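Alright, structures below, take your time with them.
Look at the two complexes coming up: chain A is in both, with chain B in one and chain C in the other.
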Partner chain A sequence: MTTEYKLRRGDGKRIVMTRAQIMEDLRAGTADAAELGSIPQLTEDELDKLADILTAPGRMVGVEEGMEVPVTHDIGTIRLDGDQGNSGVGIPASRLVGMMFHERALGADTMELGHIDYSFKPVKPIIAQEMQAMEVCQQNMIVPLLYGAMPNMGLYYTPDGPCENPGDLMKAFKIKEAQDSTMKAAEHLTRDMVWIMQRMMRSGADGVNFDTTAAAGDGDFYATLKAVKTLRQEFPEMFIEVGMAGELVLGMHGEVEYDGKLLAGLWPHEQVEMVAKAGASIFGPVVNTSTSRSSPWNLARAVTFVKAAVKASPIPCHVNMGMGVGGIPMFETPTIDAVSRASKAMVEVAGVDGI
Partner chain B sequence: MTTADTAKIELFDAMTSVKKDRVLAAVKDARSVMKPTEIIDALAVGMQEVGTRFERGKLFLPHVISAADAMNAAVAVLDKDLPRDGAGKQLPSVVIGTIEGDVHDIGKTIVSTMLQCAGYDVHDLGRDVPSRTFLDTVKEHDARLVGMSALMTTTMRNQMEVIGLLKEEGLRPKVKVMVGGAPATQAWADKIGADGYGENASIAVRKANELLQVGEVTQ
Partner chain C sequence: MGMPTTHILTSGMSGIRAAGDLVARMEFARGMRIKEAKECVAKKLGVGTADLSDEYVMRDLREELGLGVITSVAGAPKGFAAKMNIEKLLGTKINCCEKFRQQLR
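Take a look at the complex of A and B:
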């Protein structure tokens, strides 16, 4: 009788597959990424290695000795305090306590201070509080401490912001007006992100993490690249991490360019070139998980994209691994079997510099 | 000299260029060698290609909308020559919105726009929409489908509430329900008794067509 292995589907459901079925899905997954991104497929040896990782008997796996990489957490500041609604565990703890736990007990190599709203715009009215929090945290912590938030350009559109919502304009076939509104929102966003980070740097921050960049599409990406460039010029030594929102930059504007390159439709290996050129220190590639496909399909696809990004990147790549990204199922609290396997694959096959 | 074959190629190329002027010029040329229904069919093939390129990240939302705008303009030009039985047939009403407590609407807007481009009568309620508003709008427009988006695990449970309200009001048998958003999955749709789930905008439109038994239209 053929041996069967317990694996996961992209929505977290348990599935059972033979090694032959796993190999078939691995090949299909890498082929999908290769076709979409015009990048090389993984080799048969690499696919065999992924199959070995997926079928390893232990409930969780780890990287080989000597291949350890730095790890960091975006939501670490509120991971303990938050409830299940934001992936926390509901233990009352301040942001400082949350970060220090990650630094001293949970093995995080860098951390970030972030506010519960976790977007740049809502930080503006509470900047004094955030500056004070950064200063106190820096006095207590050793690991590099960044300030983290999402660019989240959607907050600059009506009804939250001053710019007309491009979605509404486009539905009325007002394409030019929608594009103009996107660029106006991008100006506001760049200005706010720079303003906030100038103040956080004065409070002792080691740098910034732009988290879920390009969530609102190519305009959001453009605004972030401009902010990176401005900050790099003003603070040559600061750490700037740019993590993406998804595998593809959505073309909500469709024609916006940065440094002569169209931003819409860029895949991770193309995104990183722009991010590095703007002056970032670390790139966080994202590959989305398909909830209807198996973990072998998703993992091979994610590793293919990330491997290409690592190869193209002149700066370290710290891959995003978590709920619904990096070959990990879309699950509120992703299971350790899936998380550890996907993470090992990213380090040992894709060659990432960190997670 | 324009033949039916060359006209078809130009209609396809014009549609995939997503330029309204070029589409209208192609339609004008094609009218001498093709019937209006054949011209619309040829444009629909081009529109399908636009949808495929959107799905593959080669074309983007503004391009899809420009193509839909061009398609509408072309159909308006041809309308008076179309056989009356099927001319200008409107697809069913659809109500769509991001669920109460959730302000994320970019994904929902893409789906909403794609449904509109596919010919549905879309009533987009925006974001942070109270459950009762979904119900009232369904009644007001005699909608056949409700689409609900949620980006957060904390808000997605409100999708269940709308389904409950539709049941309470006796509307559930005639109104299909689709759910979407980052944390939504087919398993979630099954769990709360929704009829469908779309992993992306293109799949959502296909799923809506299936649920409402609408043939491939301009999508």
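Take a look at the complex of A and C:
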């Protein structure tokens, strides 16, 4: 009788597969990434290793001793006191308490301070509050403490912001106007991110985590790269992490270039070159999870992309492994069996420098 | 909370329970990849790279070097004091410590 293993689908639902079915999906997943990114597939040995990780009998797995990596965080303490929108659990704790809890109760390697909205733009009116919070947190914390926020360029478009919405303009076939509006929003975004981080650095921040970069497409990525370059010139010792929003930079503008390279359509192993060139310290590659595919398919695909990014990268890579990315199911409370297996696979097969 | 906690337990370096914060600092400050960062910190601490995630080795070593420990030891360096000792150990400057020194009269 063929042994069956309990695994997960991309939406988190329990599925059952044989080893042969697992290997078939692993091969299909790595082939998909290789074809899309024009990158090498995983070897048969690496696929066997992934299969071993996926079929390990315990509920949880762990990396081999000596292979541990530091973990950085997006959202930070907001996961404690935030609401469901931030995947928060609603514990009414201050951000300082949340940080100390992560450092001293959970053993977090790093932490970050963030505004409850977790976007840069809303920080501007309350910058003094954030500076004060950073000062107080730095007085108490030992682990590296970043300021984290999303570039979230969508907030600069009408009705929330000053620039006309490119989506509306494109619907009216005003392509040039849509592109101009994107670049105008990018200027606002770069200026705001630099302005905010100049003040957070004055308040003792170790650096910044640009989280979900390029969520609004190539203009968003361009604005962030420009902010990274400006901040690196002003603060040579600053810790700068750039985590992406998705595996592919969407061409919402379509023709934006940075340092002579078209940003639309870049895959993780190409994104990292831009991020490193701008002056970031750490890159956070993202690979999206397909909710209708199996965990072997998603994990092999994600590991293939991330392994290529790690190889191409001149800086450390901390892979994004939240809900719906990095081979983890797209579910609000991802199952521990799936998270620990994806985590181990990224360290031991993709060779990431951190998570 | 379950997801980040799972990553910490599966793959993380345990922060100040061991030496995760120190390795993270070298990755950020010097752009070192994981292998180089671990070798650098291990050399400075006089331990092996596998010891960096070993709470048994790091607990007393951190207290001895004043790098901050996870349990609340009365009188032991915390916050800025611990980070200033980390600056000395790693040979790096930490931004908040610089700001603190600039404010002293």
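To be clear about the criterion, the second predicted complex is superposed on the first by the 352 of 355 C-alpha atoms of A that agree within 3 Å, B and C clash if a C-alpha of one lies under 4 Å from a C-alpha of the other, contacts with A are read in each partner's own complex, and residues count from 1 in each chain.
Note that a residue touches a chain if its C-beta (ideal position, glycine included) is under 8 Å from a C-beta of that chain, and two chains touch if they have at least 3 such contacts.
Just so it is clear, the model here is predicted, and its values are computed rather than measured.
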First, second, both or neither for A:204, with chain B first and chain C second: second
Comparison of chain B and chain C by chain A residues contacted: C
Partner chain in contact with A:292 - chain B first, chain C second, else both or neither: first
Touched partner set for A:171, first chain B, second chain C, both or neither: first
Which of chain B and chain C A:13 touches, first, second, both or neither: first
Partner chain in contact with A:219 - chain B first, chain C second, else both or neither: neither
Touched partner set for A:63, first chain B, second chain C, both or neither: second
Which superposed partner A:254 touches (first chain B, second chain C, both, neither): first
Contacts on chain A seen with chain B and repeated with chain C across the two complexes: 323
Chain A residues touching chain B - in the complex, by the definition given at the top: 10-13, 36, 84-86, 154, 160, 165, 167-168, 170-171, 173, 175, 178-179, 215-218, 248, 250-255, 264-265, 267, 290-292, 323-324, 330, 332
Interface residues, chain B side, partner chain A - complex: 56-63, 65-66, 68-69, 103-106, 109-110, 112-113, 116, 122, 124, 152-154, 182-183, 185-188, 199
Interface residues, chain A side, partner chain C - complex: 60-63, 65-73, 79-80, 89, 103-104, 106-110, 135, 138-145, 201-207, 237-239, 241, 281-282, 314-316, 321-323, 328, 333-334, 336, 339-340, 343-344, 346-347, 352-355
Contact set on chain C toward chain A in their complex: 1-18, 20-21, 23-25, 27-29, 31-34, 37, 49-50, 52-53, 67-68, 70, 72, 78-80, 82-83, 86, 92-96, 99-100
